[in-house]
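Consider the two complexes below, in which chain A is the common component and chain B and chain C are the respective partners.
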Partner chain A sequence: MTQEQVVETADFIARYLSHMLGAGVHTSRVVRNSKRIGTALGVDVSIHTSQKTATLTVKSGQLMNTRVLDIPAFPISFEWNADLSALSWAAYDRKMPLKEIEAKFDELISKPRMNPVFVLLMVSLANASFCRLFGGDVWAMLVTFTATMIGFFTRQHLTRRKVNHYIVFIISAFVASLCASTALTLGIDSAEIALATSVLYLVPGVPLINGIIDITDGHIQIGISRLVNALMLIVCIAIGMSATLMLVKDSLL
Partner chain B sequence: MEAFWNSIAAYNAATWPFQLALVVIAAVLTLILRFRPSVWARNAMKILMVTFSLWIAFVYYLGFCGERDYSFVMIIFWCMVAAAWIYDLVTGFSSFSKSQGRYRFWGVLMLLLPLVYPLLSVARGLTFPEITTPMLPSGVALYMLGVLMAFNRKINFFAFIFVVHWALIAISKIVLFSIPEDILLAAACLPAMAIFFRQAAEKADPEGRKPSRLMMNILIFMVVLLIAVCMVIPNV
Partner chain C sequence: MIALDIISDGLFAAIAAMGFGSISDPPMRAFPYIAILAAVGHAARYCLMTFLGFDIATASLIAALIIGTGSVWFGKRVSCPMTVLYIPALLPMVPGTYAYKTVFSLIMFLQEIPSPTQGSEYLQSMIFNGAVSFSVIFMLAAGATLPVFLLRERANSMTRGSRFI
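So, the complex of A and B:
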């Protein structure tokens, strides 16, 4: 293997791991998959990850290439997670050459994205279902449905405008819970369930789960970073919801 | 329920000349926007929407609904509706261009529906001032929906989903507070949801996103159908 080939391999693995980390895949899987591709291509891969950057070394005998790369903030994608993991196995099992792996990778990451209106409707339906699971009646579900829709649309709109995502979380939680609080005017028993469930779409489930998995897998540093990030988002939800509760009920309980 | 109708009666008795004036202004402005559209007419319509929202918040809810539980929640809600229109006014988002084809019919129908509110109340045997009017929250929401439908080339989606939220609250009031007049808003909201969500989905789909347009249309239809079922079944 020549130095040029090592650099080309490092180029690809850098793209691969930045896409996986950016799409919310937990660290040990990213490391495992990247190493698997490295093995398929005949190189050793070493990776160090942090919240915003990763350091990658690709080594073949005495030849070596090391780089530090930024982790882009892609939307969380379980599809990329599954597809790109399958790609690493395909590369390993079929001993695919680099060009073929790259072509397949480009094909997978350029698949069409979800329609934002589809996501809007599904998230609203999911929150309405949560409301039902927690004991809400049909009116509370309807209010939760539209309150979530308003909150999530606000989130989509502000995110498109590149507003800081902590501020986006605070505003979205405030708007959704305030709209859900209109259920209180109906005098229904489950109005408070509507209020509580209207912000569930904001709960950062993936960073929380990834944080725990990373810590249990020994990636303590990035695990704690992810948990702190998730905690900050939860605090933002709490701030938004507290603002509504103080306005509407004059207390936090 | 008594507090509900008492507040409507007090509001109508005290403000009917202003209500009438606002309805006339809305009618004139709608006709101007329809037959002589211009930048100032579009901005005037947005200012009218802000005025209507703030009227409902501060005149109706703050002035006459103090007896009702959590009436201040509605003040905040209608201020948020006003904020959505102010945002539109500042960013110039809605073009208020005339709708095409079949949507025009729905738009005209929805614009006229608020005027049916008092007729329905009278038909139910109610007498002034204890009747519903176009300048009550549901009438105003219906008018907003009508304007969005009649001039729907590029709509204020924020304002639309606020109106949908209000309409779903209105659906519950049909059963919980015995206000059958609100069937008008609920019934108008369903086709509006189908049309506007379809438009939004198509607009967000320039490069063939997932799922396919057919699947999106089916999903939107199912959601609207689900809400319609909730209107029919009072409790689950």
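So, the complex of A and C:
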């Protein structure tokens, strides 16, 4: 293996690594899959990760290449998680050459994401059934459904315009809870429940669970980073919602 | 009547899991299994808490353990890593209400600093809600990951030989 080949391999593994970490895959899986691709291509891979950057060393005999890479913020994608994991096994089992793995990788990451309108409908339904789980009646479910639809639509639009995600969370929580507060005016029995569940679609469940998984796997630093990140978003939800409560009620809670 | 309660709990949990999961773009083939896992897990937690008097953290641990074990079997079938199935299935059980009540109580505490009795009540409520939400989230993730530690070989080769790429 020549130095150029080592650099080329490192180029690819760097891309693979940053796409997986950026799409919200837990750390130990990313490390394991990258090492597997490294083994398939005949190199040793060592990785150090943190929230926004990662350090990668690719080594073959006396030749090596080390670099620090930025982790771009992709939206969370379980599809990439499944497909890119499968790619690492395919590379390992079929002894695919680097060019072929790269071509497959490009094909997999350019798959279209789920239709946003379908996601909007699914999320609204989900939050309405969440309202039911907390004991809301049919009218409260209907209010939650509508409020979530408007709130999530706001979130999708603001995200598309690349607004800072803390601001996106504050505004969407405010909009959703303000819409749900109509339940109070309409005099629905479980209006409180509708108001409380209307913002739950924003709770960052995936980073919270990923953070704990990372901690139990021993990647404690990045696990805590993820939890702190999720906590910041929860603070934003609370700020957005308390703005509504200050408007519609004399005092909070 | 009890059976109806359990079934409707599972049904609504399944819809919630699919909906909240769809934000994170799971593969289409995973949806039916996410729904089954979420329904079984949430209904199990509901039964444990309502009929057997378990606390929310222990019940979540057992439910997560069921979901995690189920995702080992289903994951191989649809060639999805376990996390792709069990994270969406756990989402309806994430204690969102407790989590933001923690922050609310903090905001209220700051407004009530001049009156020590009310202020300390909010401080107490903050610690209460924070402790519940942290332990439930911890139990959920730990319970679902436990099967990975027990069945390492199988759990780490879910996507091997996938016919979907």
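Just so we're on the same page, the second predicted complex is superposed on the first by the 253 of 253 C-alpha atoms of A that agree within 3 Å, B and C clash if a C-alpha of one lies under 4 Å from a C-alpha of the other, contacts with A are read in each partner's own complex, and residues count from 1 in each chain.
The criterion applied here is as follows: contacts are C-beta pairs under 8 Å (C-beta built on N, C-alpha and C of every residue); 3 or more make two chains touch, one makes a residue touch a chain.
Note that the coordinates shown come from a computational prediction; the quantities given were computed from them, not determined experimentally.
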Exercise for review: Judging by the criteria at the top, classify the pair chain B and chain C on chain A as clash or fit.
Suggested key: fit
Review point. Is A:L125 contacted by the first partner chain B, the second partner chain C, both or neither?
Key: both
Exercise for review: Could you say whether A:I188 touches chain B, chain C, both of them, or neither, answering first, second, both or neither?
Suggested key: first
Review point. Is A:L133 touching the first partner chain B, the second partner chain C, both, or neither of them?
Key: second
**Study point:** Contacts of A:F153 with chain B and chain C, given as first, second, both or neither
**Key:** first
Check your understanding: Touching A:M114, do we find chain B (first), chain C (second), both, or neither?
Key -> both
Check your understanding: Is A:C179 touching the first partner chain B, the second partner chain C, both, or neither of them?
Key -> first
Review point. Who touches more of chain A, chain B or chain C?
Key: C
Check your understanding: How many degrees apart are chain B and chain C as seen from chain A, counting from C-alpha centres and rounding to the nearest 10?
Key -> 90
Review point. Which partner does A:V248 contact after superposing on A: first (chain B), second (chain C), both, neither?
Key: first
Check your understanding: Which partner does A:H219 reach: the first (chain B), the second (chain C), both, or neither?
Key -> neither
Practice item. Could you look at A:F145 and tell me whether it touches chain B, chain C, both or neither (first, second, both, neither)? Key: first
Study note, to complete from the structure: The superposition places the nearest Cα atoms of chain B and chain C at a distance, in Å, of 9
Revision key, fill the gap. Both partners, chain B and chain C, contact chain A at residues 113-114, 118, 125
Study note, to complete from the structure: The answer for chain B against chain A in the complex is residues 68-74, 76-77, 80, 157-158, 161-162, 164-165, 168-169, 171-173, 176, 197, 200-201, 204-205, 207-211, 216, 219-220, 223, 227, 230, 233-236
**Study point:** Residue numbers on chain C that touch chain A, as the complex places them
**Key:** 8-9, 11-13, 15-27, 30, 42, 79-81, 83-84, 87-88, 90-92, 94, 96-97, 99-100, 102-104, 107-108, 111, 137-138, 140-142, 144-145, 156-162, 164-165
Review point. Given the complex with chain C, which residues does chain A contribute to the contact?
Key: 24-26, 29, 32, 75-83, 85-90, 93, 104, 108, 113-114, 118-119, 122-127, 129-130, 132-134, 196-197, 199-201, 203, 205-206, 208-213, 216-217, 234-235, 237-239, 241-242, 252-253
Review point. Chain B touches which residues of chain A in the complex?
Key: 111-118, 121, 125, 137-139, 141-143, 145-147, 149-150, 153-154, 157, 175, 178-179, 181-182, 184-188, 247-248
